[in-house]
Each structure stands twice: as structure tokens, then as C-alpha cells.
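What follows is a set of structures to go through.
Each of the next two complexes has chain A plus one more chain, namely chain B in the first and chain C in the second.
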Partner chain A sequence: MPAPVDISYVDGEYLVFDIDAVKALRNEHHISGILVGTLPQVPQQSVFLGLPLQLMPEEAALLVHFGVARVLDEQASHDLILSEDGDDSAKDRITAAESGLQTFVTPAVTQPSDRAEATLPESSIAPILDTPRFQVYKYLHGKGFFLSPGLRFGSQFLAYPGDPLRYHSHYLVRGLAWDEDFALLDLIGSGRLGTGVKKAWMIGGRVPAGARREDYASFCVEWAGFG
Partner chain B sequence: MPPKNRRNLNALYPDPLPVKVLSLPPVIPHNPVSLAQYIYAVVAQPVLAGFKRPRRFTGSLEKTSDAVSSYVSSIYIESEEDMQGLWRAGFFGKGSQSRSDPTWELRVVKRLNVPGREGMLAPEELTARRREARKRMKEERALAEQATASPEKITTVDASIVEKTETARPKKERAEDENLLDGQGNVRRLERLEITPQEAFFLTYALDVLDIYDDHTGDRISAPHLLGLLMPDWRPDNDFIMKYVVYHHYRSHGWCIRNGVKFGVDYLLYRRGPPFSHAEFGIIILPHYKDEARSEAAQRREWAWVSGVNRIVGGVKKTLILCYVEVPESIDTWHTVEELLTRYKVREVSFTRWLPSRNRD
Partner chain C sequence: MAHHQPPLHQPSFRTSPTHVGSSKSRPMYGSRGLADRAYNAANPQNNLINSDLAHRVKRNLDLQHLWTELSIHRVPVLAPDAFEFLDGGELVFVLGRPADRLYATDEYDEDGLPVHEWILPVRTESTWSIQRTVAVFESLEAYTRAPVKRVLMGMYTDDSTVVYYFVHKGLIKPRKHG
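After this line comes the complex of A and B, so read on.
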């Protein structure tokens, strides 16, 4: 079994800094994430960005859930390094850097280093696992879809039948609790929006134990355009 | 530039509301002639109009009962003149068999070629003709583009298009067609104009031009009685009163306001009405309470929701208006409907997406 992918947890965001891990996530695990890093040497950065890769909480939770990744708490790791810093060499380096005497070039690809690490326990992702968002994410991911954030289209996720670089998305996805209410206006609006951009609006919910044969139920809404 | 048929539309829909108003000239105190003109207008206009009382319309109200209670399930207009009258002056209601104005009968007459009613054109047919013309225009344009690109291919393409346009479509017959005519060969009256509770109350209370009768007992329903039927729970944030406050607000400011359900919003605002121009604004109603925590809970939405609604509304070139209705704490004691309505206040926030690359000018 390959070494787990390191996900850095920084200020509430899940980030991946290792280019090989990014490739592996995309190719083997159908998780594309979003590149959010700006490259200092490249002036046009509006379309393609660089490392790090930002993962949605659901993506990070799924990877940890399947034992593919572990989450590093960068804040705690930082404190750990400083506390083990017997001869104050790390602190000296930081002071020197802050005073502007030394300049660093941000590396485009970071190398994993031998350093003290504080891993977040698996229980830290437990609250995510219970959300309807995560359940619909897991359901569609299990069917081979790539998912990306759906904010642009007013939904939770966009579902792509393959790599988002090769395909348009097919569904605007919204995960709901099994008996959760939603406004009828949202049904009409989202259905209209989905059909307008050649997608279908999909809602899904985890079936309570024993209520139906399948354990996840999903529906699509499209505007038929009568008349 | 106004559309070509604007003059035609002005003649078809002269009144913004189903009431007649006197147009009075201004009175200038130091100019006695203006006073004379004023008096002349007050006296002469009703005389010239033949002392006609304002036109009244008749509606019906249908109640449905379930195990718990009985509620108003539909308010509708049945007579053809009243249907057309309310549509033409203010664009109230929706034809039960049509997309908006009640044209079902016209369409059936046309489709079945009912004798004596030829030569009429329903708006839907006008739209169909316009689309057909646009399609032909596009085909010709594509042809012209192809001709400039590869002159030798033009003859083959030309032939295929001529063939396509010449095949006449077979006249569609429908299973229900024979049931649509009565014994004398007239089209049966199956369409009625459905009006929303807000429209019904506005026409009954604010304009006082509509008489509503209970379609079961035949009793006339007065405006306060209608209000009681439409908001039985009498909560200050009752769905009916919240929507009515907004409806009344925009009608008072001269807008033509219609239901916005097809765009996922509460209301749409038209400058004059659907035939004149597309709606310019989409309205979402949000309650605002005295209690901050309650307001926060009632108004809270996900960003995805705002983004989605704004995309739908923005995609059809409308502006999203968030309409905050301040809800009074209690509406238990009031003497007139007017007094009740003045306790509600409306505030608006316009919401547009700003893109640095597109909004540079």
C-alpha cells in the first residue's frame, strides 16, 4: 500500500502541496480539487493556477475515510517544530527571514521533508461524514463521477462523468437529508437554471435504514418545455 | 427604439388598471382661466363619458375542505368579457388553458376551422410565425455564408432546403377534438381566468371593481370577509399578507406586477405589462422582524442560493430585488384594512453581480 497522501489543514482549508499526490488524486481517486496557488513567475494567472491544490472538506473527508490520506494540522506542526527547536536555529531563521535579510523564492513544487508532524485524528472529519453534502458526494464519487464546487450554478456540486478537463458537467447536485423540506421556488428555479445550461438538477438523500431497497435515492429535474 | 407594433399595443391596452380616472388640468391661483378649465374638466368629462359607472367584474371563489379545515383553493373569472377586461386593463390573472392571457378558445377555433370565426390570429400563432420567419432567415444566411466559402456546393444545399420547406406539415388532429364542440358547432367554454389571492384582494379592496361570490353558496364575499378567508391563522407574517403588502406596494407605484414562479422568484415587475416589454425586475420577499435573531433565522440563505437565483434572473436580463417586509409584532386590533396595511413597511435592496471585466464602462 502506498504512503498516505498528506493533506495540510491550514486555517480551515484542506491543501495538498505535493505534485505527485495531486496527480495520484486525479488519476486514481477521481478527485480533481482546485489549484489555488499563484506562480510568481507567471503573469497570466486567471485561468490556470498552480500548487497548492485546495480540496473541499468532503474530498478530504472521503480520502481520510478510505485511508488514502491523512490530515496534518499545520498550526500544531509549526508549534511542535518550534518546541523541539533546542538550539533555537529555527527561530533564528524565522527572525532573519522576517527582518528581510534573506529572500526566498517560493518553490513551484515542494519536497516532503523530514520534519515533526502533528496529524489530525480521524475523528476530526467525523462531523463532515454526517452531512447530506458528504453523503451525496460519496454516492456520486462511488459511481465514478468527478465533483467540483457548484456555487456558480447555485448548487452544492457539479458532477462530471469523467475528468473535468475532458467533459462538461451533467448534473447540478444538491444533497438533502431524507425528510428535509426545500422550497418549491428552488425546484422551479434550479430546474430552469439546469436546463438552461444543458444540465439536469439532481437532488439526493440517504434512505433511512429499511425504508427502501437501495440505500441512496436520487432524482433529476428538467424543464420539459411544453407549449 | 419602441417596437413597431407599439401604437397597436397602446390601442389594445389603453388602461393600466381597470378603472377610469379623470385627467384634471393644474389650477394656478392667479390665473382664473386655469380654474375655468379645471371646472370644465370636472363637469364635462363625466358628461362626455355618459355618466357611466366604473365597470364591475364578477368572480367566483372555490373552497376545498380537507380533514383539518376548509381553505380557498381557487378564485376565478368565468365570463369571456370579464376575462378579457381584466387581462386588457392591468394584466390580471392567467388563462387556465393558456400560458398567460386566455386565448384557448381562439386557438381551438383556429385549429378546428370553426365556421364564421376565420381570420383571427392568436398571439401564440404570431409567435410561431415569427419563429418560422427567423428560422428561414437563418437558413438563408447560412446558405449565403456557405456560398462565399465554397461556391461550387451551393446548388446541392439549395435543393435540400427547398425540399424541406415545401413538405407541408400534416394537420394534427387530437383525440379530444370532437368533445370540444357543443351541439350547435360552437366551441365549449372550458377556459377560465385564474387570479391569485393577492390579485383578487387588490381588485376587491383597493380598486373595488370585483364582486366575488362563493361558487357553492352563491353568497357575495366582502373585502374584509375575503381577507379573513385568505389568512385564517391571522399571523402577522402570514404568507398571504406578506405577498399582498408587496403586491399592493408595487401596484401603487404604477408597476404591473405578476407572479414570478417561472423564474424562481416571488414576483416579476413589468413597466407596463407582458405584451409591451419583458419584465425588468425579479422580486424575492424576505420577512424582517423586530426580533433580530428571528430576522436572521428567517432571512438566512446559502451563498449558493443567492448565486443560483441571481444567475437565473440575470440570465434573462432582469435585476434581482430583495424585498424586505417589516412585520408588525401584532395585528390583533385594527379597524380598517388600510390601518392594518400601514403597519407593514417595505424596503428594497437591488442585487447585481459585478464583473470587473464586463462592467468597465
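After this line comes the complex of A and C, so read on.
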């Protein structure tokens, strides 16, 4: 069992700072996230971004849910280190790190033991697990799709049949509760937009336990090509 | 919720598909137009079971899109709880044969003709849900005693525009253009 991936929880965002973890998430877990860090050499450009990797809440929740990752509360971690044992060990470590500072690399002042104490309990992601967004994310991820944010097409997610660097997306995704109403004008708008960009509008919802065989119902909407 | 069907919308064509397809027996226009419109505006959900709506969609397929073998079917709903309003527990569908196949990947039937399609007429003002879509497929499969992979929704609005969208069951590969 490899060590869990550390996801830093900073001001409501889920970030990954370890490049090996980023590679593992993409190659082994079909989670691509979004690189959001500017490059120190060329801070003005935004075409190519680097670490950290930002995860959608659903991605972080799924990783924790499957035991692949843990979420670290960076605020708590910070407070913990500075309040620790009064012997200025954290300050000493900062001073020591800064004295040898040659590049703009953030000095590592935390110890693994510090980090474990700031781990958020698994219950911190519980509210995410109950949303239709998470359920549709889990459903498509379980079928091998990569998902990315869907805002560019007015949906919750875009679903790719493989790595987004190699494939175009197939679906504009919207997760719904079983009996949640949506306007047919949404179906028309999203269906026409999706067809125009060679995608389908995919909607899905978790089926309540009981009579039916499958536990998740999904549908794809496309313009009929006439009318 | 009280089931309410105003008298002027009593369907007069509950009989065979050949009868409902005849243009002579349909009181379609005239003084009913304004009453229809007021009623429709007040009850957008109810129009999904309005048989007049099915006739309008059917006529649009017939005259504008040159479909053939059109007929209207009243399909008993297996899960009526999913619908706010239902006309006697039934959904009204149109069945017809397109002028040409709708997907380049579709097979033609043994006579070399495009396959029949099921169309569910609805009003653009109404809302829909996963539960209701599941109920549509289950009801239609029970009615046809065969798997149904896709349904066309024929969405009608008060300016006479009708738009058609495929709803496929499950995940399908998006349409290839051309």
C-alpha cells in the first residue's frame, strides 16, 4: 500500500504540491486536476502552468473515499507548528532553511509527524459525497472517464474517454437527484450546444434503492438533426 | 393533486391509430385557439398529456419533415407518481418513419427503409426529471414488449416551432458528423 497522497486544503481549495503524486493521480487514478501555479521563470504567462495541481472537490472526495489520499488542513498545520513546544524549533528550522536559501523554493519546515496531526477526518468530505455532482462524477470515473470542470460549456463536468491530452471529450455532464426537475429549455440549449461541438449532453441520477436493477440511470441527449 | 382535465381537451380520438390519423375528425382550430393558449400558459406541465399537442407534432413531422406511416399511441404509464399530471394514466406518443435514417450509422430495415421512431410530444415550458425519463422508457418498453434504446422528444412551443432531440438510454458515443 503506497503512502497516501497529501492533498493540502488551503482556503477552501484542494491542492497537490508533489509532482510524483500528480503523476500517480493522472496515470493510476484517472484524475487529471488542473495545474494552477505560475512558473517562477515566466510568471506572466498563463498558457503553461505548473504546480500546484488543483483538484475539484469531487476529485478530492473520491480519493479520500477510496483511501488513496488524505486531506491536510494547512491552516491548522501552520498554527500547530508555530504553537509547538515553545522551544522555537519551528523558528529555528525556518532560520536554518533560509540561511541556505539560494532559489525561490519554499523551505520545508514541517515534519511528517506535524502533518499527520493536521489531517482532516474523512467526515470532512461527507457533505460532498451526498451531492448529485459527486454521484455523477463517481459513476463516470468508475467507467474509466476522465472528468474536468464543465464551466466552459455550461455544464458541471466534461467527460473524456481517456486522458484529456489524447482525447476530445464526449459528454457535457449534469448530475441530478432522482426527482430533481430541470427545464426542457436546458435540454434544448445544452443538447444543441453539445451537438454543435460533437458532444452529447449526458444527464444522470442515482436510482433509489428498490425495484430497479441498475443503481444509476443515465441518458444522453443530442439534437435530432432536423427541426 | 387533483386530476383536472378541462372539457375542451377531452380527446375525441381514443380509438384506433388509423382513425386518429384521419384529418377529417379533428376539431383543431377555430375558437379553441385562444382558450388553448390561456390554458397552456397556466398549465405547462399538463400539456405533455395534451392530445392536441401530439396531433400538432404529428402534423409537423408529416408536412415539414415528410415522415410517413405516422400514428398516435396512448401508452399506459408504469410509474404515474413520476408525473404531476397524466391524462388517464397515459402518455401520448407519436410513431412514424423518417424520410431518411436519422443516424448515418443506423441500419435500414429489411425493405431498405429507415426504421420507425418513437416521438414524445412535450411543451418547451415544462420541466423534466431523471425519474420521469426512466418512467418514459419503462412504459414504452412495456407497451412495445421490446427494448427501447432511444426516444425523440418533440418539443412544441406557442410560436408553432417544433424542435426534436434524441434521448438515448445509457451512455452512447456522440454522433459523428457527416
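Some points to look at:
Definition applied: the second predicted complex is superposed on the first by the 191 of 227 C-alpha atoms of A that agree within 3 Å, B and C clash if a C-alpha of one lies under 4 Å from a C-alpha of the other, contacts with A are read in each partner's own complex, and residues count from 1 in each chain.
The criterion applied here is as follows: a residue touches a chain if its C-beta (ideal position, glycine included) is under 8 Å from a C-beta of that chain, and two chains touch if they have at least 3 such contacts.
Please read these numbers as outputs of a predicted model, since none were measured by experiment.
When the two structures are aligned on the shared chain, A:185 is found in touch with chain B and with chain C. In the superposed model, A:67 makes contact with neither chain B nor chain C. In the superposition on chain A, A:219 makes contact with chain C only, not with chain B.
Contact with chain B, but none with chain C, is seen for A:151 once the two complexes are overlaid on the shared chain.
Of the two partner chains placed around the shared chain by superposition, chain C is the only one that A:176 touches, whereas chain B remains out of contact.
Contacts of A:142 after superposition: neither chain B nor chain C is touched.
Note on chain A: of its two partners chain C and chain B, the one contacting more of its residues is C. In the superposition on chain A, A:162 contacts neither chain B nor chain C.
Judged by the touch definition given at the top, the superposed model places A:121 against neither chain B nor chain C.
When the two complexes are laid over each other on chain A, chain A has residues 185, 188, 227 in contact with both chain B and chain C.
Against chain A, in their complex, chain B makes its touches with residues 99, 261-266, 303-309, 311-312, 315.
Only residues 143, 170-171, 176-185, 187-188, 191, 194-195, 198-200, 202-205, 207, 212, 217-227 of chain A touch chain C when the two sit together in their complex. Taken together, the chain A residues at the contact with chain B in this complex read 150-156, 185-186, 188-190, 192-193, 196, 227. Chain C makes touch with chain A in their complex at residues 60, 64-65, 82, 102, 122-131, 133-134, 152-155, 162-177.
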